[in-house]
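Pasting the structures in now, so scroll down.
Below are two complexes that have subunit A in common, paired first with subunit B and then with subunit C.
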Partner chain A sequence: MRHFLITLLLVLFMPSAQAELAVIAHIKNNIGVLSAKQVQDIFMGRTRNFPNGRFALPIDQSSPLRAEFYQKLTGRPVEQVNAYWARIMFTGQASPPQQLPDDEAVLQTVRENEGAIGYINQIRVDKTVRVLLLIN
Partner chain B sequence: MSSTKKHYLYRKLAKSVFWVALLFSAITSVLFFITELDRSSEKTVIMLNQLLDTVESTAAIAAYSNNSAIGEDVLKGLLRNDIVHEARLSNTQGLQLTNARNTEVPKQAEIVRALASPFGDAEVIGHLTVIPEAQYTLLEARHSALFGALNSSVLIGLTALIVLLMVRSSLSRPIMKVSDTLHAITAGEQERLEPLAHHQDDELGQLVEDINGLLNTLQEKFKAERSLRKEIEMIERQLRNLFDTTSAGIFLLDEAGRLLTANPTLSKVIRLPDLSPEDLLGQDFPELAFAEPEHLRELMRIAAGRNQSVAQDLRLKNSGGAFNTWVHCLLSRQTATSGSVSFEGVVYDITDRIAAEISTRHEADHDSLTGLFSRQAAERQLINLINTQPAPVLLLLDLDYFKQVNDTYGHDAGDRVLIEVAARFKNCVRTSDIIARLGGDEFLIVLVNCGFPEIAREIARGIVASVSKPIQLSSTVSVQLGVSIGITTEEADLKQTLEELYKAADQAMYEVKRQGRNGFAMVMADGTIEVEQIAIDG
Partner chain C sequence: MKYIVLFITAFQLFGVTTAFADDNHLDFAVTGFGTLGVSGTDTDQLAFRRDTKQTPGVTDSWGFDTDSRLGLQVDMDISQSWHATAQWVARNNTGDFFEQNLDWAFLRWRPADDLDIRVGRMGFDVFMLSEYRNVGYAYLWTRSPHEFYAGIPIYHFDGADIAKKFAVGEGTMTVKAFGGYSFIQVPIANSSNIAERGLTVAGAKLAYEIGDWNARIAYSYVLNNIELAPLQTLLDGLNSAGVNAIWPSAQSLSQQIATQNKALHYSSIGLAYDDGIWLAQMEASYTDTDLLTYPSVASSYLSAGRRFGKVTLYSLLGISETLNNRPKLSNPIVSVSAVNALRNTIDQLSNSSGVDEKSVSLGLRWDVMEHIALKTQWSHYWLGNNGTALWLKPASGPTPDTVNVWSVGVDFMF
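Presenting the complex of A and B:
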């Protein structure tokens, strides 16, 4: 019984607790690094451009990583972020970032779009994308 | 009850209670309004803050996402509240939204809420501003104040009404009842106030008791007064009766002797019966009534100087045709409190008494046979004359041969001789001289104011001559007498007493008798006696 509970906890929290997230962009994106606030502004729809003025396309995930990402980025639970988007969407003036199923899909999209910005587990980062920010 | 409009106390009270209540109501309303205005604006601020709390997160999202649609929504929502006049939303990215009511109101203090980013920490990303609706606050306050005023007015009005009714029923009514009963009561009557029901032990009960006590005292006083008045009236009537019907004249004089009061009898007493008491008033009484007014004036002077009454017999001016009329007058001074002096007096008729007195004195003073003065009367007059200047001359006379006439012809003849001799004496002296019969055939003649002895001699000679003439007793019988006279003259000592004068005259007379009668002898200043015999015809 005790072993079971420990195992369950490990299963539940290991990935998020252990995961270190990387915000990635196209390899040709040369803006260097971004602050957490700048990343937040882009993902929350506050701005549509990178600091250098180029168009930014935020890519979201529908994986469990999403909750961890927003928690760590905004300090707020993901439900609040959802509610925020729900209100924005109701006005019809904006919509939340497109959601992709997993890290692989995100990587693929980022590689193909010069303005794209997404987040993946750090361990999946390779040389084909540029890391703008590391979140843990 | 007076015909003028009556001012009821309780109405007055009601009026004052009403005005005071109105004033209080107004004051409380104003105070209420002011505090309510304060409270209302405070409440508005609280409510606005609560409203801001409600929309803050949405507004923050609008500001954060620069989303004007949400912002407009928020502002619209805010404006749905009556207490919001204007709402503004702005953010750091240049969003400026405003929504306002188009009412004209005085500028109110705005409430600004800083909007923090919904993500991230204390970063301020915009401001939400609201301006309270002053009209609303005012309305609210006014409503509250009005309600309060109405409330207090009703309460105060009700209280006033209750007080009024209480005062009216438990004070005004009983007092009116007492007052009405009092109006109907005549002072000094047996009637009394009835005790008020339910008020026996309170102030009104005591008032009624006190009034009854007062009425009792009043009645007793009235009774005493009435009996006293009756007594006084009776005495007054008796006195008035006495004053009117008395046989004495009663009067009051002022200081100068003018009549101030007179009773009806006075005019009769002073023998002026045609004058009424009214006619007498103001007249000068001494001059009006008396033969010698100065006597009464003198009496008044004496009375003024004394504290007791003075009296004198006074002769009246108006005798009414009869002989002298006399009144006895009693006079006493009266000093009024003002200091003025008056005289009250009584006069009554004493004419009869005086007449009786005069006749009595005449009898005593005169010899009933000859009508000459008696010895006492003569001596009385002589005493008064002794010290006068010149001194009186005394003639002491003794008839010669009278005893023989008496013995021969009887006492009746003697009497007739005496009467005749007396008549002859009278013819020989002056009217002012005094002739007295001292007793038997002895006479005294006093010559008043006889300055010269020669006059006395002359008179003496005349007397001797006159007496020696025959006296006719009947148609057939006549007698002849003589007289011896002793005379004291002024040469005699003036300090001599009556007795000594008599004695001297007596000695002189005996000297005449001794030397042969029918003559006179005079006592000289040196004490010698000078005799003069007179030859008798016959």
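Presenting the complex of A and C:
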């Protein structure tokens, strides 16, 4: 709930922090690049695997970046993405990706998990992770 | 019941130890959803209800319990391929408050990314929304379209299902088959009496999702295994030699009225479109039965909406028509009051089982905050002669031809 309130305050008082987003994976993930549709399929729970068949663990954010990520990736507002997940979750099909609070937490988890896939502000990308897709 | 025990045991074994294991990996999650809604109509001659599992419905004295509900779900990852889910939804629902409201309690095995096998209690996947009718947050309208969904008292069944996904072109095809047993408790007219049904259910669906489009075609079969207890006295009367001597058609009527070993066949198609701004959805179904008390019915709805930022405006058209002609009741050879009373009962029964309903609705969904949506809807219903089976009638008196229903509510999830 506290995260939710902080998110709300950020959304209300810090609007349009438009960033270029980077979809990142573990440095040893040799998958190359992914298309926007492939990233969408992983984050919307349509597949649980990378195109090469390896298990994918999508990492979401609870920060304001989340709304921007889904708007840019799917062309839909985050409320619609939430409604979509409500249907998938409450019909027992799948659970949504776990959410981490910020870029730093996502970076940390992606560094530690070979199957992880997350998104962060592109300016936070460093040499410890691999970039799979850039989203404007 | 055995599934519930299985779940409690499973949670004790795994849940407690994994709940604190690792913040970064949620093995055990409690989520939920709910609606707080109020609705009312402009008549006291007919009560509106969400579906035929509910009493007493709302009239021009408004009420909360038609649409208000609170659902809790527990999810547990047992391993990468095993998962358990249980969902219980407190709501106005006839019958045992715990058992009838437990809609999901299953164990899922996912041996491959595109294959799901589930055993336990699961939602009845007969039409597009039937598995999540209670989750208002997940759809646009105040409630699932009345003409299409109000006549289905089955929310869940105990059994198994198997679903396989295929990549077809740019889209995903899902094939699903299910089967099992459903025990349901339904209200008898406006009384506080309850009838029980034991149903064998089976079905299959084919769904295709591509880009902004979603299509499905489905068939479900329901067989009633036990006679409705309240009908038994009537059936005994119709089958008695004395009654048949005075009223020769009695016995053939008893065969039409009997519900035991009678089957229902649901066939449906559905199509949904959503491009982020515009959205539209339609379904059409035909329910085939040879039951006097639940005659064959054709239903359809069409909805279109447009998003303006966080506000979505929508319209909804619905229609449902009973197709069977009511039986013509012959008169007894000799007028005997007991037999006349029997005939009247059957007349009333067949007069109250038809659906002849059309409606137009306008509504608004406003996503005020993440996970909270405010909704309001106005529906105008046209009801034909003997066409109010989805509603609740007073004991006597005429029923109106048109009814307005207004609703305001808030849907949320957590």
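What we mean here is this: the second predicted complex is superposed on the first by the 118 of 136 C-alpha atoms of A that agree within 3 Å, B and C clash if a C-alpha of one lies under 4 Å from a C-alpha of the other, contacts with A are read in each partner's own complex, and residues count from 1 in each chain.
Keep in mind that, in the parts below, contacts are C-beta pairs under 8 Å (C-beta built on N, C-alpha and C of every residue); 3 or more make two chains touch, one makes a residue touch a chain.
None of these values were measured; they are calculated from a predicted model.
Student: Do subunit B and subunit C fit side by side on subunit A after the overlay, or clash?
Tutor: On the shared subunit A, the partners clash.
Student: Per the contact definition in the header, classify A:Q98: touching subunit B only (first), subunit C only (second), both, or neither.
Tutor: Second partner only.
Student: Between subunit B (first) and subunit C (second), which does A:Q40 come into contact with in this model arrangement: first, second, both, or neither?
Tutor: Once the two structures are laid over each other on A, A:Q40 reaches subunit B alone.
Student: Figure out whether A:M89 sits in contact with subunit B (first) or subunit C (second), or with both, or with neither.
Tutor: The answer is second: A:M89 touches subunit C but not subunit B.
Student: Determine, for the superposed model, which of the two partners subunit B and subunit C contacts more residues of subunit A.
Tutor: Of subunit B and subunit C, the partner in contact with more residues of subunit A is C.
Student: Touch test for A:T109: subunit B only (first), subunit C only (second), both, or neither?
Tutor: second
Student: Is A:K127 touching anything from subunit B or subunit C once the two structures are fitted on A? First, second, both or neither.
Tutor: A:K127 sits against neither subunit B nor subunit C.
Student: Is A:F55 touching the first partner subunit B, the second partner subunit C, both, or neither of them?
Tutor: In the superposition, A:F55 contacts subunit C only.
Student: Classify the contacts of A:Q80 with the two partner chains as first (subunit B alone), second (subunit C alone), both, or neither.
Tutor: Both partners, subunit B and subunit C.
Student: For subunit A, give the residues common to its interface with subunit B and its interface with subunit C.
Tutor: 46, 74-76, 80, 84, 87, 91-93
Student: In the complex formed with subunit A, which residues of subunit B make contact?
Tutor: Listed in rising order, the residues of subunit B that touch subunit A are 58, 61, 64-70, 73, 118-121.
Student: Quick check: in the complex, which residue numbers of subunit A touch subunit C?
Tutor: 4, 7-8, 46-49, 55, 74-80, 82-84, 86-87, 89-93, 95, 98, 100, 109
Student: Which subunit C residues qualify as touching subunit A in the complex?
Tutor: Against subunit A, the touching part of subunit C is residues 24-26, 29, 31, 33, 71, 73, 75, 77, 80, 85, 87, 104, 106, 108, 113-114, 116, 118, 122-123, 131-132, 134-135, 137-139, 172, 274-276, 307, 309-310, 367, 369-371, 373, 413.
Student: For a test of understanding, state which residues of subunit A touch subunit B in their complex under the given definition.
Tutor: Those residues of subunit A that touch subunit B are 37, 40, 44-46, 73-76, 80-81, 84, 87-88, 91-94.
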